[in-house]
Amino acid sequence: MAASGDFNLSKTRLESFSDGVFAVAITLLVLELHLPAWTHPPSQSEQIGALVRIWPQYLVYFVSFGTIGIMWLNHHALLRNCERISHGMVLANLLLLSLIAFLPFPTEVLARVGVTSIAVVYYGLTMIAISIAYNVLLQQVFAAHPEYRRPLNRWSLIGLTFYPLATIIGFFWPMGGIVAMGLLALFYMQARNVRSVALQLHEQN
Amino acid sequence: MAASGDFNLSKTRLESFSDGVFAVAITLLVLELHLPAWTHPPSQSEQIGALVRIWPQYLVYFVSFGTIGIMWLNHHALLRNCERISHGMVLANLLLLSLIAFLPFPTEVLARVGVTSIAVVYYGLTMIAISIAYNVLLQQVFAAHPEYRRPLNRWSLIGLTFYPLATIIGFFWPMGGIVAMGLLALFYMQARNVRSVALQLHEQN
Amino acid sequence: MAASGDFNLSKTRLESFSDGVFAVAITLLVLELHLPAWTHPPSQSEQIGALVRIWPQYLVYFVSFGTIGIMWLNHHALLRNCERISHGMVLANLLLLSLIAFLPFPTEVLARVGVTSIAVVYYGLTMIAISIAYNVLLQQVFAAHPEYRRPLNRWSLIGLTFYPLATIIGFFWPMGGIVAMGLLALFYMQARNVRSVALQLHEQN
Amino acid sequence: MAASGDFNLSKTRLESFSDGVFAVAITLLVLELHLPAWTHPPSQSEQIGALVRIWPQYLVYFVSFGTIGIMWLNHHALLRNCERISHGMVLANLLLLSLIAFLPFPTEVLARVGVTSIAVVYYGLTMIAISIAYNVLLQQVFAAHPEYRRPLNRWSLIGLTFYPLATIIGFFWPMGGIVAMGLLALFYMQARNVRSVALQLHEQN
């Protein structure tokens, strides 16, 4: 139950707290879906219209869900083989979680304001911040595990390059930016990419 | 703590994350219960009236709660004997969770719009989507465990047949559709049915 | 990790799902605290007034928190020594959780409507329902563990007697009813009472 | 899985429930971020203005997140080496959790009312209450583990002194009070300070 290491924190409890935050943040996303405020009982066609017209909210829901899902998967793959939990890892993990837990707000902004240039850029900036925080955690993991080699630069660079790119696209073509971020989540979901996060830790073992 | 397998994901953490999403989604349902907005302090009879008149919301609350509860139970029974967590299982699981976590929204639509044809069909479509996603997960589990036989078709077909049926009923008779979905949840709660999800994995072991 | 037993459900996952629902329900209570809607920036004394005037909401928050807390503690004490998870226990547990997860709504009613006769009776009825569901779970636990004797009637009777009593008090003197339910939670928190839930299972072992 | 001890509560389940409450409370904070209610579709500059003008809400979000994060870390460090879970520890833990779970409300007050003297003092009073509850838990841990020495007074005194100080600052200079509480969270995040909570339990072992 207790991980041995130079620092006094069990991996089990770090993972259970992180899983909790991931699970709550991913499930709170649904609270950001909104129907219009009707002043009268809506007719049948108004109901259908409202449920169809909010399709961008559905899209954003699944992009946010997919992004948090893939972050959870990477988080897991990254910590799986860790033998030590350093203090730096704990703080970097808190930073990452604070941004994951923040994601429902930009999702809410998109639902309230609509898929506008500003709302998509704001959403993209949050994605970039998550990307950076994930890389900080990555650095801390490697600093605490010097015996593993660091071949992850390729995948990290993809995130650090493509989220800004998708954000810029989003400024000029908001829906295109959202779709690009959705595609990025799908890209990261490929088995090859998830495996690459974790297996590299093994190889030199 | 770590499951051996061809893929780098521990069953423990998959289950703990899934349990988190199930637990949060099932508990968020209560936020969709609404009192009317009073412009004056309501009289005693107005208070009683309001608490009684929202009985369809109570019904929907328990149907949604029962459905998520039974999905959690089946999810558990299904994964219990799994020895391998494949990448396909992880993705199918995320898809299932994204729809489970979505259920509070159709529940909210029913609370806001009332038990109308459209709201019940929308709710039913979500149930059908959950049903399909559960079957996708089932396929992935069997694909990763070729040594087990596949006798689950019967129960899957029941879900894939009766949720569309209940949805069609709901279009013509909204309350009837809700009750039918509640009865389906009760049906799945029978010991025989829950056991059938899991035990089949055993038999050929 | 897996509990042996006549039914295919691990105690670990039952407890982890239940802990999740308890933890989410107890934490959602805070969302039911409400400030008045100001149409202008409130003055300093209006701010103080608002924060002080909602003291009944604080009281209800702590009574609800204490009640869910004690239910969690009893739930734990009850399951601690269980060796078998029967199907009946699983269903009774889902019923109990559905009522625990419902508690934020009567708490919201008290915050919205105020501490009125009706709101307190509604809150008390939920407490009674929780009490009954807990006793149903108790029956199921004993049915699955016939080797243990059943000395819990005393504590169960106290709950089944005093919650209705506090509800009746609450009809005539709303604040008195809330205080009585808070005192009941405090009463159940005594070590002797929590211990009695669990230790009895031991004695005949 | 089960901790031996004089009381019938497993450390695993105490930690899993507590982690749940910490995780939910920390993730609910995001629901307290609010955009203004627009009566017309906001222009691009209105959108930017709104997202920038709520910067105090971002600051409060991170101060609250950091505070709950550090409380979780200390909670973990404190319980890590515990061998016994006494009844007093369970009750003190519930008290602490009830105040941690309350923190989203003062955070909401700051978002609704703005960073005013009253709102910051209210927020500071909650911090002081958390500080005191943490010290009550500390007393209970030491009471249950008489073989460990008590060198924690220094760090406890810092919390019990500086939160009141930051609250007084906040009355005269609201933003200064918030920043001071943020700095306190950063101070507690230093490895030396987290380690000091836990290691002292070791030394006389």
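Labels A, B, C and D are assigned to the chains in the order they are written; within every chain, residues are numbered from 1.
We take it that a contact is a pair of C-beta atoms (placed from the backbone, for glycine too) under 8 Å apart; a residue touches a chain by one contact, two chains touch by 3 or more.
Being a predicted model, the structure only gives us computed values, none of them experimental.
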Degrees of rotation, nearest 5, to put the Cα trace of chain C on chain D? 90
From the C-alpha centres, identify the chain that is farthest from chain B. D
Taking all residue numbers at the chain B to chain C contact, is the shared part over half or under half, that is, same or different? different
Distance between the CA centroids of chain A and chain B (whole Å) is 24
Centroid from C-alpha atoms only, then distance chain A to chain C, rounded to Å. What do you get? 35
Where chain B touches two or more other chains simultaneously, the residues are 16, 19-20, 23-24, 28, 31
In the complex, the residues of chain B that touch chain C are 12, 15-16, 19-20, 22-24, 26-31, 33, 35, 41-42, 44, 47-48, 51, 61-62, 65-66, 69, 72-73, 76-77, 80, 189, 191, 194-195, 198-199
Under the touch definition given earlier, write down the residues of chain A that touch chain D in their complex. 1-2, 7-10, 13, 16-17, 19-21, 23-25, 28, 31, 87, 90-91, 94, 97-98, 101-102, 104-105, 108-109, 112-114, 116-119, 122
